[in-house]
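Listed below are the structures to be examined.
You will see subunit A twice below: alongside subunit B first, and alongside subunit C after that.
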Partner chain A sequence: MAATANAPELRTCATTGFRVDESGRRLALAYAVAAVLMLAAGGVMAIFIALQRQGLPISDDWWYRLVASHGATMLLFWLLLFEVAALYWGSTMLLNARMRAPRVAWGVFGAMLLGIALAQWAMFSGNATVMFTAYPPLTAHPLYYLGILLFAGGVLVAICLFFANVVMARRERTYEGSLPLVVYGFAAAAIIGVYSLLTGAAAYLLLFLQSVGVLTEVDPALYRILFWGIGHGAQQVNLAAMVAVWYALIGLTLGGRPVNEGLSRFAFVLLIAFIHLGAVHHLMVDPGLGTSHRIMNTSYLLYLAVLASLIHAFSVPAGIEAAQRERGIGKGLFGWLVRAPWREPGFSSLVLSVVYFGFVAGVSGVLMGTMQLNMLIHNTLFVVGHFHATVVSGTTLAFMGISYYLLPLLARRELVGTRIARWQPYVFAGGVALLTLAMLAAGQMGVPRRVADLGYADAPVGVTQFGEGAVPLMMTLVSVGAILAVVGGVMYVWVMVRTLLVGERTDAPLANLALRFGPTAAPPPAPASELPHNGLKGRWARFEAPGTYAMVLFFLAWFVVLYVVAHFNLAQSWPVG
Partner chain B sequence: MRSNGDFEDPGAEPTPWPQRVLDNLWLLLVVSIVVPGLLYLAWGLWELAELPRWAGA
Partner chain C sequence: MSAAGVTEHGGSPPPGGEPPRSTLTPPPRVWWKRLGPDERRWLIVAFVWCLVLFSGMYVWLGIGEQQTPIESYRITTSDFAAEADTYIADRQVGEQDGVPVVEPIPGEDVYLVASQFQFRPILRLQRDETYRLLVSSTDVQHGLSLQPTNLNFQVLPGYLYVIRVTPDETGEFPLVCNEFCGLGHHVMTGKIIVED
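Showing the complex of A and B:
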């Protein structure tokens, strides 16, 4: 990447060496702060939702309001606001480029905040207890749909501004050749977001028109197929952005890079082309869609996107291993991992996010995408466990990890609460692990999702099976996990807020973190090819990342075992002959 | 992520076509809309349109 002579007004960051445009910096900071506030709000709701299961006196009506708002706040507002911050950061700071149309960007930010306020008012006032999916014939107040449309439209404009930044940066030659991989990953997220937001806008526009009386009805099947364009697609924006953040964290915390950058780019392209097809796995029991449509999209074509995830699942740990071996750190197959910087919040967040996303979130998602297996867990707590594993253990943890670097850089303040930051990823990941594993297990036992009273006390015929056996224990573990995760969330928000409010102002932030990136970072001692494989001999020494190779083999074995177990369970449920 | 100090070699060879394809964000944008637009959306809507109407509707 070449430094540009065309943008003399940009400031050079003393920490990273990048040229910084103040408009882009302020915008990215504003979005990041708004995102953190949304996360804090969603966490407060999570506590009440979880404790209701343990007897906290919350009426069913309010429980549904909380669940509806928790879903929108976390899945849409927190994640997409943070992703817009990342898009502006990536397309300005990482490209040494300027922010285009900053006034438009600020106007869009205001419209998005207005949209959030409208949607939250509708949900908390009991005028939009329609859950995240908002399936018709459930109806909500028009301002709910308008609020979501304002927010989604704002993200779409932000994506357009991201592309404008990239195109103009290219034209002004602030970078040469291909986009840096991290920005390329953000571009993939933005591209995936376009289709997602367009289909989502179409779905919500239909309901908005119905709510104001322009349409007499909206076909539920039509709505569902449109809705899952954004319902699933927005999570794939998260996926691409999360992988880009993984690569950024390798660079920041280890000074590393992927072992084959071209392969990583190809994996992003596979995600771009095929990940949206996974939306069909939400429609596995939809009566309108034919079997061919459902099976072709989920059991065949989606595996091209799964291949992309597998490539990243190899490339990221291999990048970590290669960076460590370049510096001669660690002996044997896993010494590089043992002697990794586990006290750095960015590194621990990265590893915990990668491991949990791969071993739990990804595998459970692929299982759910198999039509026959989906029948066993459809609309159970298993689904909730799966998407908490993806967007909380995976995406949110990765975003928390990069925040420890991004917010101090954007705010030009020193990080406050480094000791808390070092522990936070472990506390948060531990809580979410307990939460999600208990949810997955409860779902296997048939516990339904989105039901306030598992005893169905107001129903003509009560249900007793969810108060027996291991179900109460699992539901208790869900609550304990939620509390622990919220404690981790409070630690994160505390560090962020303290940094923003009382952090020491500086032009060279991150002095209290071990950064291996930028002009002040020490270079690797020697090229990788001149280093021995740290004591490894025989066949393992032939590989550039032998430890990762061994871990990947273990992961594949884990995948096979879970697949066999899932099909065994299926055979027990539906005996043939 | 690369730092500020990396410069491209001005005498470098032309970019290989696979890399040019990967670098073409507009092409990728079209792919991201066309593939799910046809396989998920259009196919799905066609199947819904083919459903027999209930006689009482």
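Showing the complex of A and C:
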């Protein structure tokens, strides 16, 4: 790394045309590889967690350890490591800029790996069976808290380096005008990351101090408010990073951009401004909070953060539609979608991620975040279904999609296993769809989360409800979906590992994927005058993205129906207040 | 925005053979432009829907019978345990599965203790009568989940949560803990019995 101090010339990437700083490339690659390994580890745990439900003999103690580690490994380690890789990629390569303080960045990487090792040791040795939430007064070994703190602190430093890269790139004029939209989205994720990681670190710091005897007590209600700064805040980092990756995939696979750049940027600003209020989503049936406080916070103040997501829900598909129509691909309302590059893993994972995130993850989240409806949902398997829909079928699938481009570019190797890659998003999305829908349904039937034995065989006061009716079928579908998703995950990891180990070394990777970005991309679109009319009549002819408009209206109808049905269900419950 | 608007974004490559602009490259110098007709419509519809979602919670406060309880107090775990024990001793009518069974008087404060790994006591309530359940924990955090009607609340040590319920059906209703509370989380249950 010492060579970077002498500022050698930046290499020009033959595939994308970007100028590449070697130290930034190596760092991003290291983070991405570590992230993929964490995903693989979390996937192995998922198999055991799912099969225990079908009778695989695992002790209750070990099942809880696995659930604890699966949560931390996936939600913290896999996603945040990949996001740091994306931040370094975005702030160096996409800006033709240098990586600042690479030695600090490597030191931080080492500290984060140490943090992961400490936390994993504590969880697997049974010294930290407190789950990812670690609610006091449950206590864990001090090294568990220290490990998570090291990891979170590392992410904070990495975010600072991201901003340093961006600021210096701007000062050195390595790019013209405004930040590319993708980097802008990453910056939004980074800003949300700062405050969510700070509040989360504060919460874990209190627990660490208590575990070593400095504090005698941590107030459970205060802890919950602090923790959900990271808990929900960190998920909004995932959300912002995922949306940025969606835009990146539009650029890579279609050469497109949003129809209105300003609107997409405005939505990112809305997200930064209002998403942090969502921490109260987890406290809605807690003692100690008043009604208006709950409503203002859970609605992110008038649902302005939901408005941000609804804007992206239009802008992202509209970007796809516009890119296709510009090239004269497809006629009528949906021809552009039918004739889209469905065989490209980046495109299929983009569309599956967007659709599933909107129809299932987003809607279930808003239902949970409605104050009174939350009573029917809090801590049931519905919650687990919701966040698997968001971070697995949404964020993870989007990250997998961009990996097919990012890892070969970072490793400077040709993608190996293109045929597997073409199928992978469908298998993974299918598995996660089954898993999450069954979890949501089971949650509506009252199935509690994080319970090792739903038969309550050892409970003094027996509960037979979860062994009857449709619940066993739902739990079987959860397991089947989990296994299918793991198969999709194995396909992904297999392609990544093979690419890294045996992929042909090349200066121009991605020759075997259809890129519409960079100097080697497909031919440019036809001149404007030859563009076919979108073939629609009346006011639809004037629309920039008529197909998208029709789809979002359908989505809204689905949203309204579920909202009404949820209130109907609420009205069937015992009067309570 | 006329049909020409479609060509504004992205479009043909700039001179010099550079790749066309995309989400990965800096936008045109001036990237703010008027919203298209479909975008404008969607933005309005989406914002109205957000306002509906927001006001929906206040509307339900007026029309719904199921409201999130807000009455709560600080209480030490030892005070709560002592008060609950006194109450249970006063009202106990029997025992089931080793757990005391209590028959509260409608309208009164009814103690319900969550602790590792049990809800205590078993409550025998009357249908269509309203009870104030005083719920707290004597050790760690728990989740009070009333099944199968599926009402769920968080139980924190040090905080007394007052939950007013009016059972409107008879039968036996299990309570399960749905906040991870330790290695016995999956044996933590309780029961409410509702009679005519």
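Throughout what follows, the second predicted complex is superposed on the first by the 554 of 577 C-alpha atoms of A that agree within 3 Å, B and C clash if a C-alpha of one lies under 4 Å from a C-alpha of the other, contacts with A are read in each partner's own complex, and residues count from 1 in each chain.
One rule holds in what follows: a contact is a pair of C-beta atoms (placed from the backbone, for glycine too) under 8 Å apart; a residue touches a chain by one contact, two chains touch by 3 or more.
Keep in mind that this is a model prediction, so the values were computed, not measured.
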Between subunit C and subunit B, which one touches more residues of subunit A when both complexes sit on the common chain A?
C
Which of subunit B and subunit C A:55 touches, first, second, both or neither:
neither
Give one of first, second, both or neither to describe whether A:542 is in contact with subunit B, with subunit C, with both, or with none.
second
Go through the superposed model and pick first if A:279 touches only subunit B, second if only subunit C, both, or neither.
first
Applying the touch criterion given at the start, work out whether A:94 contacts subunit B, subunit C, both or neither, answering first, second, both or neither.
both
Between subunit B and subunit C, whom does A:180 touch in the aligned arrangement: first, second, both, or neither?
both
Who does A:213 touch here: subunit B (first), subunit C (second), both, or neither?
neither
Does subunit B (first) or subunit C (second) touch A:19, or do both, or does neither?
first
Which of subunit B and subunit C A:252 touches, first, second, both or neither
both
Answer with first, second, both or neither: which of subunit B and subunit C does A:166 touch in the superposed model?
first
Intersection of the subunit A residues that touch subunit B with those that touch subunit C
16-17, 94, 176-182, 219, 221, 247-248, 251-252, 257, 262, 265, 283, 288-290, 517-519
Footprint of subunit A on subunit C - complex, ascending
1-7, 9-13, 17-29, 31-33, 35-39, 41-43, 45-47, 49-51, 53-54, 56-58, 60-61, 64-70, 72-73, 96-99, 118-119, 122, 130, 139-141, 143, 145-154, 156-161, 163-169, 174, 176-183, 185-191
Quick one: in the complex, what on subunit A touches subunit B?
1-3, 12, 16-19, 94, 96, 163, 166, 176-182, 187-188, 191-192, 194-195, 198-199, 219, 221-222, 225-226, 229, 247-248, 251-252, 257, 262, 265-266, 269, 272-274, 276-277, 279-280, 283, 288-290, 293, 296-297, 301, 517-519
Subunit A-touching residues of subunit B, taken from the complex the two chains share
1-8, 15, 18-19, 22-23, 25, 28-29, 31-33, 35-37, 39-41, 43-45, 47-48, 51
